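Structure incoming, see below.
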Amino acid sequence: MKVNADDFFKAAALDKPRVTNKVGSNVTLINVMQIAGLNTLGISIARIDYAPLGQNPPHTHPRATEILTVLEGTLYVGFVTSNQPAPNRNKFLSKVLNKGDVFVFPVGLIHFQFNPNPHKPAVAIAALSSQNPGAITIANAVFGSDPQISDDVLAKAFQVEKNTIDWLQAQFWENNHN
Amino acid sequence: MKVNADDFFKAAALDKPRVTNKVGSNVTLINVMQIAGLNTLGISIARIDYAPLGQNPPHTHPRATEILTVLEGTLYVGFVTSNQPAPNRNKFLSKVLNKGDVFVFPVGLIHFQFNPNPHKPAVAIAALSSQNPGAITIANAVFGSDPQISDDVLAKAFQVEKNTIDWLQAQFWENNHN
Amino acid sequence: MKVNADDFFKAAALDKPRVTNKVGSNVTLINVMQIAGLNTLGISIARIDYAPLGQNPPHTHPRATEILTVLEGTLYVGFVTSNQPAPNRNKFLSKVLNKGDVFVFPVGLIHFQFNPNPHKPAVAIAALSSQNPGAITIANAVFGSDPQISDDVLAKAFQVEKNTIDWLQAQFWENNHN
Amino acid sequence: MKVNADDFFKAAALDKPRVTNKVGSNVTLINVMQIAGLNTLGISIARIDYAPLGQNPPHTHPRATEILTVLEGTLYVGFVTSNQPAPNRNKFLSKVLNKGDVFVFPVGLIHFQFNPNPHKPAVAIAALSSQNPGAITIANAVFGSDPQISDDVLAKAFQVEKNTIDWLQAQFWENNHN
Amino acid sequence: MKVNADDFFKAAALDKPRVTNKVGSNVTLINVMQIAGLNTLGISIARIDYAPLGQNPPHTHPRATEILTVLEGTLYVGFVTSNQPAPNRNKFLSKVLNKGDVFVFPVGLIHFQFNPNPHKPAVAIAALSSQNPGAITIANAVFGSDPQISDDVLAKAFQVEKNTIDWLQAQFWENNHN
Amino acid sequence: MKVNADDFFKAAALDKPRVTNKVGSNVTLINVMQIAGLNTLGISIARIDYAPLGQNPPHTHPRATEILTVLEGTLYVGFVTSNQPAPNRNKFLSKVLNKGDVFVFPVGLIHFQFNPNPHKPAVAIAALSSQNPGAITIANAVFGSDPQISDDVLAKAFQVEKNTIDWLQAQFWENNHN
């Protein structure tokens, strides 16, 4: 098999703004599905667009650490540490990032980016330490899975009534499917 | 330095039932903090107790796959797949496990175990593919972190009003700190 | 390909006692051959049954560390360190484990478990840090291989006469094939 | 030790143009030396500035694959495959990249980026699959090391006279140290 | 810290014949203890001398695969496969190697080399895929550990009487300590 | 599939001198292409022949550290450190090796071996920490690739005139293809 420059290339248009989704963001990921030459090489990259007041909502990457650089605008970012002993138990570490700043989200931790500016969009480049990092949006996994997770489970987990969970799930479903 | 059998041993009393917490479970993890000889060896083990109708609520392990075996009782278990393309996008895969059954939760995915029996406790042994797997309970990280994640962020992420988030956070905080 | 909960599940009946073999043990291993979803995930689990005075004889796992928990009975366990300099050269580290105790056998070291109780069986759960750990029973590999290892080699290795080796091999063969 | 958001942050000013060096480029690398929180996490990021007709000259990363995205301008990029059998022996694979395009340079291969535009600068973001990727500029290592590599060795390697090597080394030294 | 060529060097005299031990061999291993620059780099090398009819007795490397090249003489080599299903269960694979031949012993498997020539020594170079591969000589670990493994355990494992084990251990001890 | 000793064997004739190439060397590499049983096992081995005044010219292994042992003759060896901060920036570390000496070339660094003796050949055994280490000869990749790297790029990289590069490339091409 003859290798070719195109096996390592993607005209990804990462310079172009994207239309953002309901929560005001859009992640354009270039991983091994887009560039076959990345196979086994342990890296991928994404452009992230944020609408004014938009966010890349709380999520995790099961197989990658992320390093993010702000290209345009301002981002309020954060992650939460795991259930470890004090003083680091479930700590929320956050930072306001300006253009040119760099921030790291360690593998598997829940993190988000939020554009606090009501008038201007923001843009970031995020690199991930896997050719297939995966992403799990917490709200989608918890309240928007197919089929739904039992409300018995979620009511106790979130320490609310079952009808609160039912309402949260219905709400989420309606917002995402209509 | 002379090695010693005790560097590889822990009188962990994993045969003894534990008092369960507010959501009806208790995880007794034996990792590299308890047995120094596990260092770099990539494995740890836990006993999990479930009260009647108790659960080990939705959580992830950022650095480990888990393989669980039911020792006593019945468990309803599940995990949600990542944001991948159809037909596997945010699928909730679940199973009722009986005594002696084995189930795998792949690294970094959100999963839970629930004891559906209103009268009897359940017990499982879970092995994890890291000497320091970490655990992130979703509700604690999202609604119970210190400090709290901004309600601006969570309202949009969960697609509810900010005062719903405030109420969920207050509720969660009160339940966990009083 | 659509993933399915059954790709991550095995009705392994790990709660059920097994009939033990000639040396008084039975290892029921759940690895990637039994649960395809374990592929690349680096973990597996086994139930081990021990008859009264039975043993899981000296063996190694070429690709895994083992962490063992006693579920029933008492076990006398041990491993031997490698040919390193004093004070750790070929040290035999051993421990009597009671119900609920946990012990670690580092990757590739020769180890065993023995049930010292002449009246009661014992049971353990062992987790291994590979989806395909492998197992090499020393006696089977050295005296019971197919074909047999040359007695020239073994006589010098064990520093006995060749006819002693021949007798050990014949004995072992007869016990295992009749 | 209490973790802190600043352990994962660098005000790296990656949005700001850099003064380029003699060959018309400047690499601003953010690795584990700049962000301690990257330790063991296997990723780093760099901004690369290219003057008009400037280049990031042929080099390798001994411990990382690179994925590059063009932020401004045009880049002519390439790498050379290893000494493998035909048809892939020492093939030079190249591509002209425009703003928004993505290209991968596999671990350890010799690669470069060149700005073919005589009037406009170019800018790229490069992510690397190690927290400490290393970089070896071929010309510096071969003709500019301290001390110099013997001209006996280099003359035969490059199949020229020793005085050609001496002149190349002297030239290179003068250009880089005056 | 300034690096130095001597951090990567050892005047190991691997060209010089060694005095062989009781079983007729001598392994001169150059690992990270001899060359600090090998740290984390995953490789080491050894010269092995074999007396006429000498052997490197059955052993394993818990953390390395070995690739062996015969420099002088003839070697009869072999390894035994693990307890896997037929047709590969405990198979003894062997080969007579002549000068210049290469053979691989996969990680953790029991293997040996034997010099079948009653008049001439043999020499090999073995490379190992770890900077600290470890070695476990089966006879030393099983019959020569300190303290001795209980004869109850070994008698059942090797399916002989306890006094046979006692005699094997005493014999081995005497041969190795007098 | 039944495994076989021949899957782990190669009659490689590594004891036999090889005809050396134009720069006075010959590398006979035994990797996973020659021995299928090496797959995933992370090691390979090579015999290297050096003519009087011959060399294994400056090259890198993109996926392996090398540990070299001199079997015959004398070798002048060296490698150059990466573009790191002083005092280790682009340092050329070298050593004269005699028969039996061992030297390590860390993964991805540019290194060479040169036989300074005008009358006698030299021989070495080199082990590499990958079953498929790869090799990139600097001169071939830089001045001998197919197609040629643009002289615009190389002139600036090596800080010479374009016609010097054209001449170096033509020279190299002629020497290697006629």
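Lettered A, B, C, D, E and F in written order, each chain numbered from 1.
Basically, contacts are C-beta pairs under 8 Å (C-beta built on N, C-alpha and C of every residue); 3 or more make two chains touch, one makes a residue touch a chain.
Just so we're on the same page, UniProt names per chain: A, B, C, D, E, F = Germin-like protein.
Because the structure is predicted, anything quoted here is derived from the model rather than measured.
The set of chains in contact with subunit A (Germin-like protein) as well as subunit E (Germin-like protein) is empty. Set against the Cα centre of subunit A (Germin-like protein), the chain with the most distant centre is E. Set against the Cα centre of subunit D (Germin-like protein), the chain with the most distant centre is C.
A separation of 22 Å divides the Cα centre of subunit D (Germin-like protein) from that of subunit F (Germin-like protein). Taking each chain's centre as the mean of its C-alpha atoms, subunit B (Germin-like protein) lies 44 Å from subunit D (Germin-like protein).
Residue positions 78, 91, 106-107 of subunit D (Germin-like protein) each touch two or more of the other chains.
The touch graph of the protein chains shown is a ring with every node of degree two. In the cyclic arrangement of chains, the order starting from subunit E (Germin-like protein) and heading towards subunit F (Germin-like protein) is E, F, D, A, B, C. In the complex of the two chains, the subunit C (Germin-like protein) residues touching subunit B (Germin-like protein) come out as 2-6, 8-16, 30, 34-35, 37-38, 41-45, 47, 64-67, 69-71, 78-79, 81, 87-88, 91, 93-95, 97-107, 125, 127-129. Every residue of subunit C (Germin-like protein) that touches subunit E (Germin-like protein) in the complex is listed here, in rising order: 22-24, 53-55, 57-63, 76, 78, 80, 82-84, 89-92, 106-110, 112, 114, 116, 134-150, 152-154, 156-160, 168, 171-172, 175-176.
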